[in-house]
């Protein structure tokens, strides 16, 4: 991310990204999960990785997709496995840092913490990390052309492979 | 929540709600607690409930009030019981999603996590969830005409019944 | 903090402080740590203290500095001790409350939670609290003329003395 600005164009982007991130988090936590792929462009790139792997430039990820169709398949798989409903999650996003806004594109970096709430049980930190995002504006608003989710811990529950 | 927009009117609302939420969280955590009812309109509706009960449409809540006077009574009761001072809390709010801003009203949905800090002890997640808010603007700023606090966990400490 | 406003001047400050806080948090978590002193003015005041000590007006702090040079020394000491690299951190900041914006200055108060991620281990709350900030604008953006970090817990790990 090269440059951050605060006037005019960037103000629009800041508020638009604030709202898109809020809407995204709500979709993950309160559903419907089927709406999740709509936050992305058709030709999107999406990856969940760990800070260690990200630093070493490793391509593999816990989830890896290079188009929206793959994200839709992921949702179907989760619904089928009935995994998603056993507990609930709460994503609290920190303040997004917006960079390089140009004609119809911008980047942002946003820290997050995801809590897992087990029914009648304890609440714990499920994951923390940051979203490295590339946004593209179309007629309806902004969509993610790229999201790389970099998880801080390497001890992330790979069985679940939930969207983040 | 029907529609979110980012230009003009909505920008004002976004920054106003960002500030009102920040001020509200500060009041809960750093006091004075007596100022808490002032965030609400006189004829406000306030409820703390659980995600389970909210989903099932149950009316009852851990705290339930349909006017500001009841919130003032709640504060007096807490001061009398001397419960509030035994530990401290820290509310970290996520990004608010603002919707449907009209002439003098708007809605928002805001995730939160509340930490409980026990003196010289551990810090733990006390509650997480989301605020479903209805704001009304008057001469002095914006106030809550309605706040429904939906806690993620059903295992919330009902003895305390602190404001959230 | 005396007055909060939302139009014109204050809007600029709000978005500028949102971005500065986001950039600051990223610097702490993802480095380079050497860039951390640049968020401050040359004649800055920086202190980490506890809520208990802050309430009692005690001057001493876990870290105390009254100019930027001392912050640079702190970074050198941490690099030398090689302490900073053993685990990672994730700061999630709440919504900043901006107050008293005047010609080139503003104040803000921002809640934070800092998570500590131990390699292949658990993630826990390392610290929570609030930033009491005084910002000054210069040609390149805004810098901290003062930051007082008030930690909620008194049981903070004094051996580390990491920047917050």
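Think of it as A, B and C in the order they're written, each chain with its own count starting at 1.
The rule is simple: a contact is a pair of C-beta atoms (placed from the backbone, for glycine too) under 8 Å apart; a residue touches a chain by one contact, two chains touch by 3 or more.
The structure displayed is predicted, hence computed values, not measured ones.
Trainee: Could you report, rounded to a multiple of 5°, the rotation needed to superpose subunit B's C-alpha atoms on subunit C?
Mentor: Fitting subunit B to subunit C on C-alpha positions yields an angle of 120 degrees.
Trainee: Are the interface residues of subunit A and subunit C largely the same numbers on each copy, more than half shared, or largely different?
Mentor: different
Trainee: Counting in whole Å, what is the centre-to-centre distance of subunit A and subunit C, each centre being its mean C-alpha position?
Mentor: 26
Trainee: Which residues of subunit C are in contact with two or more other chains?
Mentor: Expected reply: 11, 92-93, 96, 113, 125.
Trainee: Help me check something: in the complex, which residues belonging to subunit A touch subunit C?
Mentor: Contact set of subunit A toward subunit C: 4, 6-7, 10-11, 14, 51, 92-98, 109-113, 125, 128-130, 152-155.
Trainee: Quick check on the complex: what are the subunit B residues that touch subunit C?
Mentor: 11-12, 15-16, 18-19, 21-23, 25-26, 29-30, 88, 90-93, 96, 113, 115, 117, 119-125
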